[in-house]
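One structure, pasted below without further comment.
Labels run A, B, C and D following the written order; every chain starts at residue 1.
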Amino acid sequence: MMELVSNLWSIPLIVIIPLITAVIVNAIYDKEVIKYISIASALITLGISIISPYGYHWFTGHPAFDPNTFTFTFDPGIPAFRLSLEFVYGPIQQIMIVISSLILVFCVILATVGLTKRQGPYMATIFLLFASAAIIIMVNDLYHLWIAVEIGSLIVVGVVVASGTSISHKAALKYAFFSAISGAGLAVALALLLGITGFANVSDIIRIMNTVGISGMEKILYISFGFFILAWMYAGGLAPIHPLKSEVYGASYPHATAVLQAQSKLMLVAIGIIMLRIFGTLPFIKEVMIFLSVITMILGVVLALIQIDFRWIIAYLIISHSGLVTLGIALGTKDGIIGGVFQAVNDIIYMSVLLFCCEALYYFGGATSTKNSFGIARKSPWLCAAVLLGAFAAAGMPPFNGFQSEIILIQASLNSGLPEIAVIILMVSITTLIALLRAIYRIFLKPPEVEVLEAKIPKAINFGIWLFIILTIIIGVYPDIALRFIIPAVEGGFLP
Amino acid sequence: MIELSSSFIIMGYVMVIAITVGAIAALLQKDLIRAAFLSGAESIALAFFFQALLAPDLGLTQAIVGTVLLPGIIILGIFKTRRTEEE
Amino acid sequence: MIEVTIQLLGFIAAALLIVIGIAGMVFLDNMIKKIIAFTLLSDGVNLLLVAIGYIEGGVVPILLPGMSITEFTMRAALVFPIGIVLTNIVIGVSTTAILVALVIMLYRRYGTLKASVILKGERR
Amino acid sequence: MTSIATMYDKLKKYLDNFIIGRGYTNIMTGYITGELQFLIFIIILASLFRIFSFPLAIIILVLTGAAAIYFAPTIINIEKENSNELNRVLYWFLIYFAIIIAITIWGG
């Protein structure tokens, strides 16, 4: 373990490089240079997140106040009240940001390949999306959390509008209305916690609740939890929001959906862990969270079965697998949280494989509907193999990474005394395979009824698909690559 | 001192009534431009409330944003679409 | 009998604004009205935050000359909610702008402002 | 009372509900799989109530099974309820919020 520093150089860079890139790229608007600037900046972000040490960054540079000695300190090891706004870069943050910036690199490359006109604003929205996700996973105070959730949802609206169809405009308008409501809800939750404890820093809120206590204020804490759950449901598209969120996933370009789902899973993990830390000791909290995630898993996977478009099947499966992530966090045990976060990492990877395959289908003239059969396997057998491998990974078959996290989740739910949840997890993974294979059979394998264009898939897409497939197999065979980040973070109480 | 605080409370009642009436009236108008202006009037009362709650800088910001910027954006939208509410 | 303070009145007004805003966003059919209802909701949340920062008998959190630091820290209203509200006002304006832009785009396609027509559910 | 003939009628009506008015499409397999999956899902979910009280779980299990057969085919209703209309989503959202607040405050 490296030495912790109180003003880590890398945290501002991870946020600021995407922001500056967004500004520059938006200003250039429509030139060839945009390609190189954005790819370079995404690669730099990836590099920084890989080599960065662990530590804190205190925005505004105020020292922490130690109530025992009545002095100010810059030492992050001393438990003290943090007067400035605090960002944390620990192992969980590192693995999540590395994975999502890898997605960002490929999303940017695919956007430069696929779009020809007006690349600037679109790239800007994608970079801002990544920045908001990075802020949300790194943040340790509710103020930045709320700002990043609000800004992130506005940027989601921008990304969805950019795909330019009538469906996407409608989806964006609905999502914007909802973001308005639940953003206000998160602000109310923040206001209530601030009113009870007087602090916005998560660690300080917990310390105040443990030392001073919140006598007579428990009811307010419950209401605050309700508003938090509202923001959580909205961030990940959990059960009642799933029609809107799946519309967002389905209506934007597939490569943008890859970043959107990464952002949504980062939000789920971050807000879920903050909720567990603040409210974890209250009764009935975990039951509510488990209920929400089980409903999400079931509805998502059942609705994926009856879709008629490959994009929408993937959209509903993303929702359903978000339920797996939240289930792990909601179980609240160490195994459960490890499984949930690991599932989030794996989910981002294998859903990206499927989404990039979906993007490749666009080059055959938009053959994503399952109403007709296109026989694409004859034209491009390697794409068919890739999408089958992606489907197996999503279903949790042994050599792939989905298996490793689902087995942890199943064991965690068995250890918590909930074998029914284990059965539901198994059924969800099997149903995932059914839903995907139904579409894959119609689109790829069945003899063609409709002739599709002869298409040449760009090398970048093929490279991305196979890189992520190799990643799923590597993590599936050696899960320690990811688990050695997650386990110490969970056992060390989420702070480095 | 007592007179000051009691007059503050009376001001508070007036502002609560102004905010509520302004909000409801804005939402009940058939003419959308009038609705936008009424939401601006509600913002003025809110700005006074911020002043009374020891946040004068917010009062100034709210007065500018709530009476000029927000109704301006909404009225721009109304000019680009239509002025009256359909049945 | 609870003593009526300006803070309590602030909470009441905030609750009324939030309820009116949510009711307007849910029940009104006109898109522009829905947007106005959203601004009311956001105003209500702002008022709630500012009212939480209020201290009875306090002073404005500006360090005037002649005021000692200890007295200031004892009596000044909380600064943090004010910072949050300043951000929220800005975010509210940008959200409103995005909503209005989307409504204009959809009006060009559908020729109406009715939410029941524009945002009609589709089977999927 | 329940003879094989009435069971057959019930089953036939059940299957007809899918086909009549929609025609046999390639989505049929999806609908039937979804229906059966959802049936099993909610039965497992109902049995989860055993963590609160065991007799309650048995009652709810029986009620859920009866309701599932009575309302069949459920998947059509789910699809209808899954509409992406803004007001419907808001309605469900507020109901969820009320239930969560009620459960947590009652439990604490």
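Details
Methods note: a contact is a pair of C-beta atoms (placed from the backbone, for glycine too) under 8 Å apart; a residue touches a chain by one contact, two chains touch by 3 or more.
Note that the structure is predicted; figures quoted are calculated from it, not measured.
Annotation: A-D is the more contact-rich of the chain pairs A-C and A-D, by number of C-beta pairs in contact. Ranked by separation of Cα centres from subunit A, the top chain is B. Subunit A and subunit D have Cα centroids lying 30 Å from one another.
Centre-to-centre, using mean CA coordinates, subunit B is 47 Å away from subunit D.
One simple way to say how far apart two chains are is to compare their mean CA positions; for subunit B and subunit C this gives 11 Å. Touching of two or more other chains is recorded for no residue of subunit B. Subunit D has residues 79, 82-84, 86, 90 in contact with two or more other chains. Within subunit A, contacts with two or more other chains are made by residues 174, 177, 181, 243, 247, 307. Taken pair by pair, the chains that touch are A-C, A-D, B-C, C-D.
If you check the complex, the residues on subunit D that touch subunit A are 26-27, 29-31, 33-34, 37-38, 40-42, 44-45, 47-48, 51, 75, 78-79, 82-84, 86, 89-90, 92-93, 95-97, 100-101, 103-105, 107-108. Here subunit C touches subunit B in the complex through residues 4-7, 9-10, 12-13, 16-17, 20-21, 24, 28, 30, 32-33, 35-37, 39-40, 43, 46-47, 50-51, 53-55, 58-61, 77, 82, 85-86, 89, 92-93, 96-97, 100-101, 103-104, 107, 112-114, going by the rule given at the top. The residues of subunit D lying in touch with subunit C in their complex are 79-80, 82-88, 90-91, 94. Residue ranges of subunit C in contact with subunit D, taken from their complex: 25-26, 115, 119-124. Residue ranges on subunit C touching subunit A, taken from their complex, read 18, 22, 25, 34, 38, 41-42, 44-45, 48-49, 52, 78, 80-81, 83-84, 87-88, 91, 94-95, 98-99, 102-103, 105-106, 109, 118-119, 121-122, 124.
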